[in-house]
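Down below is the structure, laid out as structure tokens.
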Amino acid sequence: MTLTASVVGASGFAGGELLRLLAGHPEFELAQATSRSATRKTVGHAHPNLRGLDLRFSDPADLESVDVLFAATPHGVSMGRIDEFRDVADTVVDLSADFRLDTAEQYDEWYDGHERPELLAEATYALPELNREDLAGADLIASGGCNATATMLGLLPLADADMLGSQRPVVDVKVGSSEGGAGGGAASSHAERSGVVRPYAPTGHRHEAEIEQFVGRVAFTVHAVDMVRGASATCHVFPDERVTTGDLWGAFRERYEDEPFVRLVSGGGGVYRYPEPKSVAGTNYAEVGFEVDPRNGRVVVFSAIDNVTKGSAGQAVHAANLALGIEETAGLEFQGLHPVGAP
Amino acid sequence: MTTCPECGADVTLPDDVETGEILDCATCGAELEVLSTEPVELDVAPELEEDWGE
Amino acid sequence: MTLTASVVGASGFAGGELLRLLAGHPEFELAQATSRSATRKTVGHAHPNLRGLDLRFSDPADLESVDVLFAATPHGVSMGRIDEFRDVADTVVDLSADFRLDTAEQYDEWYDGHERPELLAEATYALPELNREDLAGADLIASGGCNATATMLGLLPLADADMLGSQRPVVDVKVGSSEGGAGGGAASSHAERSGVVRPYAPTGHRHEAEIEQFVGRVAFTVHAVDMVRGASATCHVFPDERVTTGDLWGAFRERYEDEPFVRLVSGGGGVYRYPEPKSVAGTNYAEVGFEVDPRNGRVVVFSAIDNVTKGSAGQAVHAANLALGIEETAGLEFQGLHPVGAP
Amino acid sequence: MTLTASVVGASGFAGGELLRLLAGHPEFELAQATSRSATRKTVGHAHPNLRGLDLRFSDPADLESVDVLFAATPHGVSMGRIDEFRDVADTVVDLSADFRLDTAEQYDEWYDGHERPELLAEATYALPELNREDLAGADLIASGGCNATATMLGLLPLADADMLGSQRPVVDVKVGSSEGGAGGGAASSHAERSGVVRPYAPTGHRHEAEIEQFVGRVAFTVHAVDMVRGASATCHVFPDERVTTGDLWGAFRERYEDEPFVRLVSGGGGVYRYPEPKSVAGTNYAEVGFEVDPRNGRVVVFSAIDNVTKGSAGQAVHAANLALGIEETAGLEFQGLHPVGAP
Amino acid sequence: MTLTASVVGASGFAGGELLRLLAGHPEFELAQATSRSATRKTVGHAHPNLRGLDLRFSDPADLESVDVLFAATPHGVSMGRIDEFRDVADTVVDLSADFRLDTAEQYDEWYDGHERPELLAEATYALPELNREDLAGADLIASGGCNATATMLGLLPLADADMLGSQRPVVDVKVGSSEGGAGGGAASSHAERSGVVRPYAPTGHRHEAEIEQFVGRVAFTVHAVDMVRGASATCHVFPDERVTTGDLWGAFRERYEDEPFVRLVSGGGGVYRYPEPKSVAGTNYAEVGFEVDPRNGRVVVFSAIDNVTKGSAGQAVHAANLALGIEETAGLEFQGLHPVGAP
Amino acid sequence: MTTCPECGADVTLPDDVETGEILDCATCGAELEVLSTEPVELDVAPELEEDWGE
């Protein structure tokens, strides 16, 4: 089986990653990659790692029929063109926030008014570790947000095991500069953005909406730190009853034992004892681990992903694999690098 | 193949595993002491306080 | 008035910073700088910024009489040589944890057994913003820990205003590699340490002891991130009653209005809206700011310092200035750099 | 003596550094700091290290009379407003390339046509180590280019000692992102600019013009590397006759023995054996050193500066000090930091 | 065909990369991975990206028979154990410098005395772009040095086209910290190594020997810069006769048109106009490009590789593929990442 | 105060300098061996090949 796939928003960071993954995918053949600003340029012009690909950006207005269309555009774009997208493709995977929430009310609260609220119920949210079973055959897929992904992967085992506690968990996230997209601006210039620990969303980050929808409320804060790829969520949880390391291993293994893209990493010796974004950079893997703090009645959960892969493009391909009955891990086997600096 | 006493994951052991040997668990990284070999029994080895500096 | 000053542990990071500050201080004259590993070498051998200083390391066994002795050695060293230190100097400022806690019990709980417990009550903890009034005339001074400093500067205004809440605050700290000292090791090699968001003290960090002593218990976690200098504490606080931004400005201005080394930074436009370590790198300033999260009944406080300056050597000089009746800001006026990368 | 000083282009990187240096200068008092884009905002809005300064940006159209005017605007701006600048200030120090070259022909060759060619002969180029004697009393000063400064400081001793050889020296320069100014753009976004070794001016860099004017032709190439502040020039020189390390020490000491801002650093043990930008970050110092390569008949000279300080704002203040008869090192004594990451 | 392969020195950086590449290689099956310091530990203990691999380090003294043995040990180790290596494996690929040079004299000049000089003539140097034809059937392979690889890839087209000139080329190299291996030490600690442009081998770098052997003498200097993976060589060449851009494109296409792992990158628009290490990080690709400097009669050639892949482990696998008649690109197809920080 | 045999700069010496002692020059960093103390004579000490790794 070879399926054709196109990427709208292919000059961006998530779009470029989609191109990389689809070009190496055994079941997909790349049809179109769109860009308004670089129409007709080779994709290698924007993405130097793809110089070997014989493909030019096309205009997003000229979409050809394909099996799957991936949209990696800023939020608000897909909802405006969704009929057209679904006309040209049987399966649409949207990486933006447009179809992630269940109701128009939620969307209004966190974003700016939804043009096609009736589709919210129809769309399937995609975080395979959360709802793999919903994905087979789904044809309008809303790929999850990067920070929400990191957070939920950390919290899901505790939610299952009823260990989240009645006190709201605190989630303190650290992210790389690629989360801001390819656009740039003064705050993301190298001179200003290097070496930072910068409160970037002190409160009110929009991914809270997704997390609340699936796991419950959290007190959420996001910091920009000096890396390009990577999102790391530290979840400070206060279970109502004392839990032991053994309880936690039980809960985490229960949830993730069979997950192909989750690795439990917690304690031990050597340099890499807990989840770290750089251990999974360039991959679709998540590292998840924890530590018990008996003194403070706390469980600290660490979760690390590559926001561009597991946090967006990889997750979208993973969802498409599941939706279309392809081997789940197809095209997503890259294991990452060691040593690696600040990917 | 035996089970890690720390995290419960399967631990693959070398064929010639010896009593007293310390092995790490691939899942949780715990240092495991081989208490006996037939059958293999593992226990979590006392952790060396390794300072990452402060 | 010119006072003589020596530094024990001068080849280390905090010790080198002391040399820099003392060499530029209007009231101090550098006498000795000790190192066992580099005895007789020029201080510029270890600290390239001090190549202009005509001074060689001396053996820590050969201390001459001075007015003030600064000890920047690993914990456990000063307590063993404290009588000798006090013999050669009227005022001893210790940068280690040896004399920071009130009782031997606390020390035993967090460290490894105190050799001179009777001195704990005699020593004066030094975080001028906490207890300036205790410092005049103090002759055995325990300069505060870097992460404790960042944290307490964030929490003190809330403590004063009774806004800390009954729920334990979560303090999520991000630190640079200089906190580990000049020693090095596999985990701190450039290849392994670059680009990390690494849980470095998931629970049980020793600075919790100091924070508890002065502010109360906190749930504390420290991460290593990719910078050399800098410590940033994000304090997630849940006041028992709703507080407004106005209440917080009141509390923070009340506490810090007259503090020469604290800058309130919260909101506004531009790139630098909240406290950031790189805004204060190389300086004795702390930036402190906050944001209210009404949705979650939370106050998020951000506090950023340079761990080598405000978090250790600068704080020690500040304390010495106060102890000796010198102008408080003497020798500590450097304002920092912009732009600056990852200092 | 207190002199008033204003900075045009004060929201930029060089302009912000001028503010920092002038605010800490014993003989200058800051009058105006101009910005078109941030008029009326506090200078701390743009430069977080200057939050303590009680000064707002003013419109560059509204200049008041001062003793010295510093212009830190892109090239082409000063030449258009130079009469106005000289009207309001007895001494004008321009940091751009507008008045660095001797003739209109040179300017035309490397830049884009000079509006006031008659002033080129009148202006005094300022690299104190090159022409200190010209600076006393100079009233139109053209502060040297950053890469030209690094290069010339490396080559001057060889030129003096007639060791430059008949073969054109190769100068391979590595620079930080602050050389590009505060503007930003896709290539200078953090995600694209991090971790690079990027040929940024493979050939034809405009600073060749200055170097040729004072030292002779060089084959010049500039690379962008991952730091914010710093310029490092590696000069590969092929003297016509064999030279020894002793000859070189002679030449370099002869030239720089009495220079307050040049440090010779060459060989020895420890970590810092040769000039490095990070050893001088934030300072007005240059490190210069060399190594003989007998196998290849080559001398390799290394020269490292902070482009924002010694390479522009510091050099400009240094020149103003000399022009106005102020102590040469006034306001420029900061010694730099150790450890320091990627300043 | 499945061949068994073992790696000696598998806890190191090059060894870990070999494990990664061999584990993903369609024709190889990993047998042993040796380490003295981590014997019996899982390979994931040292290399977090390989946590998914069910393999433990074994003692290098206990080698089992395999088809191919890769040795990634410091120079001097393989020559001492070469008979044993050849006993257990039909094909030995050594990544160290032990068998790269033709004669004992060369080895003595640059290294420290060869134990098995008679094998030097027998061994086959491996830089496929240089001598692919020698590799079929080779059973003792000396994989080339990383900096030599970058340099020779830049110079070979000019050598072929007789454009190297009579004046010695200057080669100015910039490398990441992984070149120093996993060992560490004060100079390679994060605090000291971050943000550097550090002359690391001003003259006399040992890779000059290889370059001289195959291309001729060059004046060679290596700098450490702030990245982990990557080597970038800037070759300043002075052809005896004027050459045009067209001549160069001819020469470079002639040499590299059919090379699967060389990409010509020179000029054009966008951010990535010339070779950059980060464009090829994690891959076996080299980027090569150039610029003509008519003003100085110079050609500047840029060449960028990942030192751990193309500069060592990837090159070794490439050579093994060729030696054993496997598809040349097998196991080496990873295309790299964009965006990517400082890999 | 004496002169560095490597670079010619002045070298400040400790009062109690001893024959045989190795001291670095603040200017060029060279390791200098004290050949004699009255008067002080210095010579460049043989360099320890310190590997920065390659």
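Assorted remarks:
Letters are used for the chains, namely A, B, C, D, E and F, taken in the order the chains are written, and counting of residues starts over at 1 for each.
As a working rule, contacts are C-beta pairs under 8 Å (C-beta built on N, C-alpha and C of every residue); 3 or more make two chains touch, one makes a residue touch a chain.
All figures in this text were calculated on a predicted structure; none of them were measured in a lab.
Chain centre most remote from that of chain D: B (centre = mean of CA atoms). In the contact between chain C and chain D, the residue numbers used by both copies make up over half of all numbers at that interface. Among the remaining chains, E is positioned farthest from chain C, on the basis of C-alpha centroids. Measuring from the averaged C-alpha position of chain B to that of chain D gives a distance of 59 Å. Centre-to-centre, using mean CA coordinates, chain A is 38 Å away from chain C. Inter-chain centre distance (chain B to chain F, centres taken as mean C-alpha positions): 53 Å. For chain F, residues that reach two or more other chains under the stated contact definition are 24-25, 29.
In chain E, the residues that reach two or more other chains under the touch definition are 13, 41, 45, 51, 176-178, 180, 182, 185-188, 191, 194-195, 226-228, 270-271, 276, 339-343. Residue ranges on chain B touching chain A, taken from their complex, read 6-9, 24-25, 27-31, 48, 50. The touching residues of chain C, counted against chain F in their complex, run 40-42, 44-45, 51, 54, 56, 58.
Of all residues in chain B, only 12, 14, 21-26, 29 touch chain E in the complex they form. The part of chain A that touches chain D in the complex is made up of residues 13, 176-178, 180, 182, 184-186, 188-191, 193-195, 226, 228, 341-342. Contact residues of chain A toward chain C in the complex are 167-168, 170, 172, 174, 186-187, 191-192, 194-199, 202-204, 208, 217-221, 223, 225-227, 230, 232, 234, 236, 238, 270-271, 273-278, 289, 291-293, 295-298, 300, 302, 304, 339-343.
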